[in-house]
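First subunit A sits with subunit B, and in the next complex the same chain sits with subunit C.
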Partner chain A sequence: MKMKRIIAVVLALALVFAFAACGKNTDDPADPTPVENNTDATPVAFANEGTIKIGGIGPITGDLAQYGMAVKLGAELAVAEINAAGGINGYEVAFNMQDDQGDAEKSVNAYNSLKDWDMQMLMGTVTSTPCVAVSAEAAADNMLLLTPSGSSIDAISAGDTCFRVCFSDDNQGIVAADYIADNNLATKVGVIFNSSDSYSTGIKDNLLTEAAARGFEIVAEEAFTNDSATDFSAQINNMQAAGAELVFLSMYYTPASLILKQARDIGYAPIFFGPDGMDGILGMENFDTTLAEGLRYLTPFLETATDDATVKFVTNFKNSYPDQASYLNQFAADAYDAIYALKAASELANVTADTAASEVGDLLKVALTQVSVDGVTGTAMSWAADGEPQKQPRVAIINDGTVAAA
Partner chain B sequence: MAKKVNSPLEKKKSGVRSVTKKNFVTYLIVIVFYAVFQTLTATGHLKNAYQSLLVPICYSVVMAVSLNLVVGVLGELSLGHAGFMCVGAYCGAFFSVITKDVLMTDWLRFVLAMLIGAAVAALAGVIIGIPVLRLKGDYLAIVTLAFGEIIKTVVNVLYIGKDASGFHIAMSTKNLDMAEDGLLILNGPQGITGTPKSSNFTIGFILVMLTLLIVTNLMDSRTGRAIMSIRDNRIAAESIGIDVTKYKLMAFVIAAAIAGCAGVLYAHNLNALTANTNNFGYNMSIMILVYVVLGGLGSVRGSVIAATILYALPELFRGVGQYRMLLYAIVLIVMMIVNNGAFFVQMKEKALYNIRSGKKNNAKEAA
Partner chain C sequence: MKFLSQLISGISLGSIYALIALGYTMVYGIAKMLNFAHGDVIMVGAFVVYTACVKGGMNPALGVLIAIAFCTVLGVVIERLAYKPLRQAASLAVLITAIGVSYFLQNMALLIFGSDTKQFSSVVSLKPITLAGGSLTISGEIVTTIIVSVVIMIALTLFVNKTKPGKAMRAVSEDKGAAQLMGINVNGMISLTFAIGSALAAIAGALMCSTYPALSPYAGAMPGIKAFVAAVFGGIGSIPGAMVGGVLLGVIENLSKGYISSQLSDAIVFGVLIIVLLVKPTGIMGKKINEKV
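Let's look at the complex of A and B:
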C-alpha cells in the first residue's frame, strides 16, 4: 500500500531527526561525574553541613546545544572553584543542569524537575523563549531566576525575582547603532535578520529605532526564516544594489557564516557587524576562518583580554576542559559570572542550605541590587531592581583568525 | 466489504455491542488515569516534574486521537496537523489576552477561547479541505505539510497591537503605527506572551473525554462507516451513493476543530507561545503521526496509550542525563519493531485468549 510506504519514509525521517538532535550531544565527551571532580583541587572540608542547590536549564541537546553546553561548563567551572575555596557561606554548592532543547514547554518540565531536586535558586534559562515561560513559573514560586543569556525583553519581565547577566536585545540594538554612529563606520547600513527568531527581530527593531535617532541611513532591510536559511543570494544582492557600506547581521552565527561565504562569492565586501550571537563563529566545524576576517560583533567576553578576571577564567577553563575549549565563549563567561553573582548575593544575604527557595527569592532580589561583582563580562556589575544588568559592552573584531578588541 | 462495514453491528450474547464495550474500556482507562493522578496531586504525592506533564499529555492525546480520525479512519495521510493546533493556540491565546481586563470569570473566558479556537481551526480545515479533497496519497501529504509550514510562517511575521483606536495589524513593528500606550499582543516571532494560565489537568481530562466521545461515536455511526468505506475503497463507496466529498470534508474539519481545542489548551498552559519547527512545525506534526502509527491506525485506544507513553518518556529519562534523547530514539525503534513483530502479536493474542477463557471458566464455576 502506498500509504504505508509514505509513513515508513516519514517515520524514518523522524528518527533521523531524533538522532541528529543527539548527534551533537554524543560528540561531547560526557561528563556525568559530579562537578566537584572537575577541578584538580583536593577535597575541601566545608565549614557547614548541607549543600546550597543551584539549578540550571539550557539546551544541552538539539540545534542550540552549543550555547547550553557552554553555559553548563562555565557554571560548573565556577561551582568547582567556589567549592575549592570553601563554598558559599561555608556550604558546599551543588549545581544541576537540566536539558530543555531550547523549547519552552520542555523548559518548564525541566524547571519542575529541578524543583523536585529542591533547587534554591535558578541559573537559567539559556535561550530567550523558554526563559519567558520559566520566568512566569519562577515568579509564581518566588524563585530567584538569573538567566546568563536570555536577552529578550520578556525573558525577565514576569516578576521581581528575575534577573539577567547579558544585555537585553533592546540594549544590544541600541549599543550597536551607537557604536556605528560614534565610530563613523558607515552612513549606509543594511540589515539582514531572521524573521522567525525573536533574538534577531528584537535587536533589529531597536537598531532601526536608534539609527533614526543617530542619523545614519538604513538602506536595506532583508529577512529570512529558519526554513530558508541556506540561500541568501537575494538578500545579499539587494544589500549590494542598495549600496550598503555596512551590513548588520542580526542573527546567530550559523546563518551568518553562509552569508559571509555567499557575499564573498559575488565579490561584495562591506563591513560586517553583528550582535553577540556571532560569538563562536571561529569555532564552527569546517568553517573557513578567512571569511570572517574583519567581522565585528558585540561581545561581553574577549578571550584575549588581559584583565585579571578574564585571564583567570580562561586559564582555568582550558585546564578543566582541555578537549572542550571551543565552548570558551561569552555564554560560558555569562554563566561563570552568574554563579559568582549568586555567590556574592547569597553571602550578602546569608543564605544557608536550609533557606527555602521562596525565602531565597526574597533575600536575593534585594541582595543582587546591592552587590558589585567584578566578573569576566564586565567590572562592577550590578543590577537594577527590574533585573537588568549595568555594565559597558565591548566590541570584538576578527583579525588574522583571532578575536581582538576593536 | 459490506460485511466489514456491518461487523460493528453484530451483537454479543451479553447484549452489549462489542464496539461499545471496547469504547467503554478506553473511557475507563482514561478515567482511572485521571483519578489516580488527580488524587496523587491533591495529596501531594506526585512530583512537580510529573505534575507538569499531565496537561501536555492531555493535548498530545487529543492531537493523536484527532489525527487518527484523518489518517486511521479516513485513510488520508496528513502531515500538517500541528498547523490546526497552531491556529487554535494563537486564536485562543489572542482572545484571552485581549479580554484579560474584561470582567469575566476565568473558566468562562477559557471556554470562549476554546470555542473560538475550535471554530477558527475548523474554518482553516474547510479552507485547506476544499483543495485537499481533490487530492490523495502523496499529494495530500505534501499539501498538508505545506499548510502547516504556511501557518507557522504567517504567525511568525504578523504583528498585532491594540490601542484606543482599535487593532493594528502589520508585518513589522515599524508599520504597526500604534499609539504609545498600545498593547502589542502578537509580537511576530516572539509570539504571544502573558496568556493567563487557565489550563489544568481537569480541563485537559474533560477535553480528552469529549474528544474520545466525539471520535468513537463518529466512528460507530452511519457517518463513520461511510468515512471508513471511503478509506477501504473509494470507487465502491461512490458507486453505492456515498458523497465522498462531504464525508471527507467532515472528517477533516472535525479533526481540525479538535486539534484547535488542543492548541487552546496548550496556549493556556505556558506563558510563552511561539511557533517554530519543534512546536507547530513539521517536527511536531510528525511526532503526532508517530503517536498514531505506533498506537495503531484506526485504534483510538492505541493513540491514547501511545501518546501518553511517548510524551512522558523523554521526561522520565531525565535521570540518565545527556543520553536521554538517544535512549528515547532507541526505545522508539524497539517499540516500532516489537509492537508489530510476529512474536509479540502472538504473545498478545495468547494472553488475551487466556484471560478470556479464564473468565469463562470462572463464570462456569460460579454457575
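Let's look at the complex of A and C:
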C-alpha cells in the first residue's frame, strides 16, 4: 500500500516536470517573434531557406518609451520592406525587439535572452546608459552591435564590433556650439545638465570646450540629478540673473518640459536649444505645445524634408502605422537606417542564415567601414573603424506646434 | 533681485514639503508610527486629479474634491487592513509594513497608468503676480501653495488644540490605555488621524503636480522622503514644526543650489539636518520628553 503511494507520488512529480519542460519550450519569452510581412499580401518566396536573425533592445515602456517605440516601428518597417524585396542574400530577416525600460540591468538581461534566440547581430540599445553595459557584453562575445541612437562616447567604446548610426555626444556638443557661433544666436549662454546621466554630461563637456574655442561665453552652468528632477527654479533663476540669452538643455525631453514651464512661470524667455533628446517632446501626453515654441534641437531627420529617401520612409511609415504617426521621429529614422546599413554590410560580407554570431561580428566590422548607405538620416553614410558615423547633424525648430528646419 | 526670486522659489518648494510633512507629523504625533506610504498617497491623489480633470475634463475644484474623498477612504482602508492588525506588534514591524504599502501603491499605479511620465494640467487658475516692473514674477501655483499650507497648518493646530476630537486625539497620543479607560474610541481616533493625513496628501498631490507638472508612479517617493526629513527637522509630532521644517528645508535647498552648487545641494541639506539633530535631537520645535524611570 505504502509502495503504491510512493509510486503514485513519483509519477505525479514526473508528470509535473514533463509539463513544465513542455511549457518552457513553447512559452519561452525569448521565443522568435518574426515580424509579419505587412507590406505585401502575397507571401514572398525567398531564394534560400533559413532566417537571418537581428535582435533589438530598447525602452518600449517607461519614461523613454517614445524613443524605444519609434525605434521598434522604424526597424520593423525596414525589415518588412527588405523581406518584401526578397530578404538579405535571399534569406528572410527575423527581427526580435526586447524591452529594457532604459535600464542597464534589464538591458543586459534582454541581451542574454536574445542570445538564447540565436541572434546574429544586434540593432541596439536605444539609450546610452544601457548601451554602455550591453556593448561590453557584445564586445566580449564578438557580437556586432549597431546602436541607432546611443550617442554617449562610451556607448560603443567597448570593442571594435560596436557601431552607431546617430552622431556621438562629442559631435552634438561641438556641432551645437558651432551652430550657436555661426548663426550669432547668443554671446551669453547658460547650460543645464543632468549630472547623473552620461548622455547629458558628455554633451555639456564638449559644448563647454568648443565654446571656449568659438569665443562665446558660458555664463552659467547648472546641474540636477535624477532624484531632483522636478524643481529647477534655482537653476533657472541663476540663468536669468547671469543674463543668459540662450539656455542649452543638455538632457532628454522629460526634465526639459518642466524647465520650459518653470521658465515661463518666472517670465524668463531665452532661446532654448538642446540635443536630439528633445525629439519627442511634442508627443508627450497632455503637453502644452506652446511651451516648446521656438525650441531648437539637433536632429538628423526632418519629416518635412523633400529628398527621395525621406519621402519614401515617411510615406511607408504613415501607411504601415496610421495610428502611430507620432512615433515618426529621428529615432525611427535612425533604426530604419540601421537595418538598411546591416543589410548592406551583410550583403557585402555574404552573411548567411548559418553564419555564427561571432563570425558575423568579424565580417561586418570590416564591411561597415566599406559600405556607403544613402539613408534617411544622411546620404553616403559610412563608418570609421572606431564605430563613429561620418555625417553632419541638422537643426530643427518648433514653430506653431510643428517641427520645421531651422 | 536674484536673491529674492531664489528665496520665493525656496519658500514655494518648502511649502510643498511642509504640506506633505504635516501629514507625516500628524500620523506620527497621534499614532506614533512613521507612515512611509504617505508620499505614495500623494501620488495617488495626483493621479485621481489627473484622471478626473485631464482625462475626464472635469472642473479642477471638483477633481480635487474627488481626490480628497478618494484619498481619505484610501487612508482609512490602508490603516484598517495593514496597520490595525499590528497595533500590538513591535514598531519595526509596522515600519516595514508601511514600506510594503508604499511599494504596493507604486506598483498598482504602474499597472494602471504605466510608467511613462504624464503632463499634469494645473488646477490653479490664479494669474501670476508681477512685481518690481516685471523683473520678479511669482506664479499663481506658488502663491496658492503658500496660502493653502499656512491655512491648513492653522486649521490643524486649532483642531488638535481646541476641539473635542482633537483633545481625544492628544489623549490617545499620550496614553492609549488610559484614553480607552476614559471612554475614548482609540481605533476611531487613529482612523480619523489617517483620514485627515490622507486628505492633506490629496491636496499636496494636486498642488505639487500643478507646480511641477510631471506625474509618474514614483512622483511621490522623493518628495515623501524630503518631507519626512522636513518633519524630523522641525520636530516630528509638532504641527508648526512641520511647517517650519518644510519651509526651511526648501529655502536651504534652493539657496544652496543658487549660490553654492547645484550638484551639492542635497548634501548640504542633509548636512544641515545632521547639525540640527546634533544640537537639538528632537528637532527645531520638538518637545523634550522626560522618560520617568
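Miscellaneous remarks
The rule is simple: the second predicted complex is superposed on the first by the 368 of 406 C-alpha atoms of A that agree within 3 Å, B and C clash if a C-alpha of one lies under 4 Å from a C-alpha of the other, contacts with A are read in each partner's own complex, and residues count from 1 in each chain.
As a convention for this text, a contact is a pair of C-beta atoms (placed from the backbone, for glycine too) under 8 Å apart; a residue touches a chain by one contact, two chains touch by 3 or more.
Just so you know, these numbers come straight off a predicted model, no measurement behind them.
In the overlay built on the shared chain, the residue A:A133 is in contact with subunit B alone; subunit C does not reach it. After overlaying the two complexes on the shared chain, residue contacts for A:G124 are found with neither subunit B nor subunit C. Subunit A is touched at more residues by one of its partners, and among subunit B and subunit C that partner is B. By the touch criterion defined above, A:G375 reaches neither subunit B nor subunit C. In the superposition on chain A, contact of A:G280 is made with neither subunit B nor subunit C. By the touch criterion defined above, A:A234 reaches subunit C but does not reach subunit B. When the two structures are aligned on the shared chain, A:Q101 is found in touch with subunit B and with subunit C. Shared-chain residue A:D265: touches subunit C; no touch with subunit B.
After overlaying the two complexes on the shared chain, residue contacts for A:G190 are found with neither subunit B nor subunit C.
Once the two complexes are overlaid on the shared chain, A:G58 sits clear of subunit B and of subunit C alike. In the three-chain superposition model, subunit A touches both subunit B and subunit C at residues 61-62, 101, 195, 223, 225, 227. Against subunit A, in their complex, subunit C makes its touches with residues 1-2, 5-6, 9-10, 12-13, 54, 114-121, 128, 130, 134, 137-139, 141-142, 212-214, 216, 219, 222-223, 253-255, 257-258, 261-263, 265-266.
Contact residues of subunit A toward subunit B in the complex are 2-3, 6-7, 10-11, 13-15, 17-19, 21-22, 25-26, 28, 30, 32, 60-62, 98-99, 101-106, 108-113, 115-116, 129-130, 132-133, 135-137, 152, 154, 158, 194-198, 200-202, 205, 208, 223, 225-227. Of all residues in subunit B, those touching subunit A in their complex are 47-49, 51-53, 56, 75, 77, 79, 137-138, 141, 149, 153, 156-157, 172-174, 187-191, 193, 197, 266, 269-272, 274, 276-279, 283, 286-287, 289-290, 293, 314-315, 318, 321-326, 328-329, 332-333, 336. Partner subunit C is touched in their complex by these residues of subunit A: 61-63, 65-66, 101, 195, 222-225, 227-228, 230-231, 233-235, 237-238, 240-241, 254, 257-258, 261-262, 265-267, 284-288.
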